[in-house]
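Accompanying notes for the structure given below.
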Amino acid sequence: MSASTLKVEKKEMLRRIRRNRSPKKIIRTSLHYLFLTVVTAIFFAPIAYMLIGSFKPTAEVLDGINGFALKNLSFNNYLQVFATFSDESMGFLWRFYANSILVSFVIVFGGLIVNSMIAYALARLRWKGRDAVQVLVILLVILPFEAIAIPLFFLLRDFRNTYFVQFLPFIASAFSIYLFYTFFIGLPLEIQESARLDGAGPWRVFKAIIIPMSKPVFASVTILSFLGAWSSFLFPLMMVDNPLYVPLPLEIQVFFTQPPTDWGPIFAFGVILVLPVLAVFLLFQRWFIQSVAASAIKG
Amino acid sequence: MKVKQISAVAGAIAALTLGLGVVAPAHASGAQEITVWAMCSETGEIAAAREQVAAFNGYYDGDYHATLSCKADMGSAIKSTSVDGLPSVFEFDGENLAAYVYAQKLKQLDGLVPGSVFSNELVSIQAEGTYKDGHKYSVSQYDSGLGLYGSKKKLAAAGVKDVPTTWNKAWTAARFTQVLAALAAKAPGKKALDIKENYGMGPGWPGYAFTPIVNSAGFQIVTNGKAVGSLDNAKVVAALKTFASWKKYVDPSADDKAFENGRVGLAWVGHWQYPAFSKALGKDLIVLPLPNFGAGTKSGQGSHSWGISKNTAGAELNAANVFLQYIMQDKWILNVTDQNGAVPATKTALNKSVNYRKGGPLQLYADQLAASCGTAKPTTKCVTVPRTISAAWPVINTAFGTAMQTIWNGGDAKAALRTAATTIDQDNADHNGY
Amino acid sequence: MTKVAKSKFGQDNLAGLLMSLPGLILLTLFVVIPFFTAIYLSFFNVDFNMVQGPQFWGFEQYRRILVDPVTSPIFYKALMNNMTFALIVVPAQTGLAVLLAVMLNAKLRGIAFFRTFFFMPVVFPMSLVAIIWALMFSRDSLGMLNGLLNLFSFGYIQPIDWLGDPNIALLSVALLSIWAGVGFQMVIVLAGLQEIPVELYEAASLDRANRWQRFWNVTIPGLRNTLIFVTIITTIFSLRLFDQVFILTKGGPIDATQTVMYQAVTSAFIEGNVGRASAITVIFVLIIIAITLVQRLVLRQNREVK
């Protein structure tokens, strides 16, 4: 018998097994769904808590189980948040958003250009010093940001409260370079080699061949570096306090400085903070998830 | 690609909004500009800050113009900004005065702000604003009051008859333990005291609320430049051990309402809770001094202060000076203290204050502040002690807070205080005594 | 790194350099130089505000961190906390991720719907996650977690002091970190699961292997590379612990949640002691390098020939 008929037989057998629609199967499936729902609900509880709490007065948020109760809902907390951030002295909400967007934007897109270029140079070109740079990048991948946070803070202290200090140090990322590198290495060599044979220079090969073939890794890096940039906390905490330049996640501190903590507005602010990213995530979640997974498989 | 389009739009929006933001609002040309940083983080203080700046700008329209900027974390902002980046005028937590003077960030105010402004200030405020060189570096609009709040009914029901209303009659620590036990016995949750644990027992709250215990045992945190021997003195250790032994009577107050909602009969907290407490308890509310651990009851003082940054000069300095004097008028002091409930920092404003003047419900605070110990060794004749006026205060605050946390959670008090004291002394040595 | 297939077209010196230049400049300026600055500063007593100039102290900062009886215990405590945290989080988060991934790998309709919920916390900034959990961890019966425990145990379980009990605080921080990060790993494991050839499962079923045996003998080995990747990443992330601690516990209670990074940042940013902070940073980097090397040696990934 040939291999293909063996395969067909196997498939038939499986089909029979799978098509088993016995009541047992239905119970099994329902239980599975039930189990999933319960586990998911438990997992989602904190987020639900925040969502619900953002519409309740503070006293009723901190009330044990009743924190989940849907009563006394109003927009008051949101109104308070807007009222707090309504003039220059406290800064404007839209400004915080704009700051976060601008900084993330520059980090992500600057990073795509810079990191992919150097990764390509390391992966496919031969040049003096390439090996040394490879070693450097490997070493830097291991090095977490925290290792240089303090000295960066010290060195850049005269540039606090600017946009530059928020994005410039983060455009080049050893991790992104590594992701690009691993992907580029995996691309078939033949196409590139024939292009070179035809006289195309490295830049052309990069632009015309590599980039179009690398959509998945570009997507991954975009999403991963965006997530990192948007939620970055440690460095902005040390470097920015001017409401004109402060990114959004930092401003949650405003509600934390003087006790007692007013939980209602904090949750409202939290919702405001996370809503855009959440929306983007929900719209593009397949991409998000695929990117994360793809980057890991390749890495 | 979708991504490209989205990002293009995002980038455009960001650029547009930022461009809009950069356009400065038009105002009277020729007016001397000053920048003002304020610590407006609570809702009430935000409004007060905005009001007085707006009023200043209105009054001096054409001559001076102040731009207000609120900082969520003023301490970090000042610490991380070099003196060139500082504003003309800024508000700061009074405990940092010495640190800022040491870091050459504050300007001496003698000769700038009239002496009459200083002499009108409360004794405690004058102490707070004076650096070890004897000069004044800040003015303040308000001071703080710290003590116990109690429920008359609950105390009576617990059979406590000797409720002190003046500071010289404060309960001893031993008596206080009995009071707590009696109150707890009658309480449904078996708790008697709220010490605002929810504010955090690490560095911060204890540095204000519980350093008076150290003082009440008869010691400043640092005596003659040394913390060892002072902070870790046996009397201090004993006092803090006693305090820690009250933990079983303390409601953690996670919702911040242990006293307000009637779960406990006593609260160890400051003036800022008065509005909420008097609303909840009405006539049942009583204000008492903190317990006496040997050297008389002691209490805390100090709140926010205003100063001029060191490099402000010329016409800007003039305007900054005018601004300070403007906000030190009784009218504006009372405007902010009406909103945040603090103790007005000048004698004239104090007398106009309904809460703090003689006969007012919070007179105890005013009396305590009038009997400030300053930097001298605490005795039974004085009450409020300023937080150590030294550039080392941040280190002291952290060290003390860490020790408090250990002690409160049942750790070895002697060791914790010894560690704290050693840390403080070492830091002092590292900085050559500042 | 694997050797690049030899290009037959000579050296691309100029292009290679030019393409690397922006990245190299940025990395040098913002990573390499600060790193060496940290080393340099660690030999000095430097105050952030530079009131008195930097004083050369040689190894004094290191002595204080590693050897001095008064000031070193807190560093070792922080280090131990980081290790403990990693030891809790890495297996727990990875194990949970595998379980969830297996659960979500079923071919049921709408399974992707559930997957979304588990991934959601990943897009939340950690500062926000910490704040939500701050409330959930409230120590009395009003806290959400205590309320839930009370409900499900019919009042049997008393309120727990999640963040105030030194024995539990680190666990609580671990709990919220796991919650925030498991979705990320779950997705990676899920992808790994889907790469396992179906034939292996079929062969196992034909051999009358039950679900458990299939799991152990097909799934887990098939996930080997994925699990290694996930383990390494989670270890590194857990050593960097900062955001949650800063917002929730500030290192307490009694240094139960003190971490190396938190120590470094408070030294620099709050106390202004840049020399000490730099020394902590250097020690930290050495530790990370050591751990990563050990991990890579021990868990050598099977790399398929590409």
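Residue numbering begins at 1 within each chain, and the chains themselves are lettered A, B and C in the order written.
The rule is short, and it goes like this: a contact is a pair of C-beta atoms (placed from the backbone, for glycine too) under 8 Å apart; a residue touches a chain by one contact, two chains touch by 3 or more.
All values derive from a computational prediction rather than experimental measurement.
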Q) With chains as vertices joined when they touch, what's the shape: line, ring, star, complete or other? A) complete
Q: Write down the pair of chains with the top C-beta contact pair count.
A: A-C
Q.
Centroid from C-alpha atoms only, then distance chain A to chain C, rounded to Å. What do you get?
A. 15
Q) Roughly how far is chain B from chain C, going centre to centre by Cα mean, in whole Å? A) 37
Q.
So the centre of each chain is just the mean of its C-alpha atoms; given that, what is the distance between chain A and chain B in Å?
A. 40
Q.
Residues touching two or more other chains, restricted to chain C: which are they?
A. 48, 138, 142-143, 269
**Q.** Touching two or more other chains - residue numbers and ranges from chain B
**A.** 76, 80, 200, 254-255
Q) Residue numbers in chain A touching 2 or more other chains? A) 62-63, 153, 157, 238, 250
Q. In their shared complex, at which residues does chain A touch chain C?
A. 10, 14, 17, 29, 32-33, 35-37, 39-40, 43-47, 49-50, 53, 61-67, 113-115, 117-118, 120-130, 133-134, 136-138, 140, 142-155, 157, 168-172, 174, 177, 181, 185-186, 189, 193, 196-197, 201-203, 206, 227, 230-231, 233-234, 237-238, 249-250, 252, 256, 263, 266-267, 270, 273-274, 277-278, 281-282, 285, 288-290, 292-294, 296-297, 299
Q) If you look only at chain B, which of its residues touch chain C in the complex? A) 76, 79-80, 102-105, 197, 200-203, 251-252, 254-255, 394-395, 398, 402, 405-406, 409, 411, 419, 422-423, 426, 430-432
(Q) Show me the residue ranges of chain A that touch chain B in the complex, using the header's touch definition. (A) 59, 62-63, 80, 84, 87-92, 94-95, 98, 101-102, 105, 108-109, 153, 157-158, 160-161, 219, 222, 238-239, 241-244, 250-251, 253-254, 257-261
Q | Partner chain A, residues of chain B touching it in the complex | A | 3, 7, 10-11, 13-15, 17-18, 21, 38, 40-43, 46, 49-50, 53, 67-73, 76-77, 80-82, 85, 196, 198-200, 205, 254-257
Q.
If we count contacts the way the header does, which residues on chain C are in touch with chain A in the complex?
A. 1-2, 4-17, 19-20, 22-24, 26-27, 30-35, 37-38, 41, 46, 48, 100, 103-104, 106, 108, 111, 114-129, 131-133, 135-136, 138, 141-144, 146-148, 150-151, 179, 184, 187-188, 190-192, 195, 202, 205, 226, 229-230, 236, 239-240, 242-243, 246-247, 261, 264-265, 268-269, 274, 277-278, 281, 284-285, 288-289, 292, 306
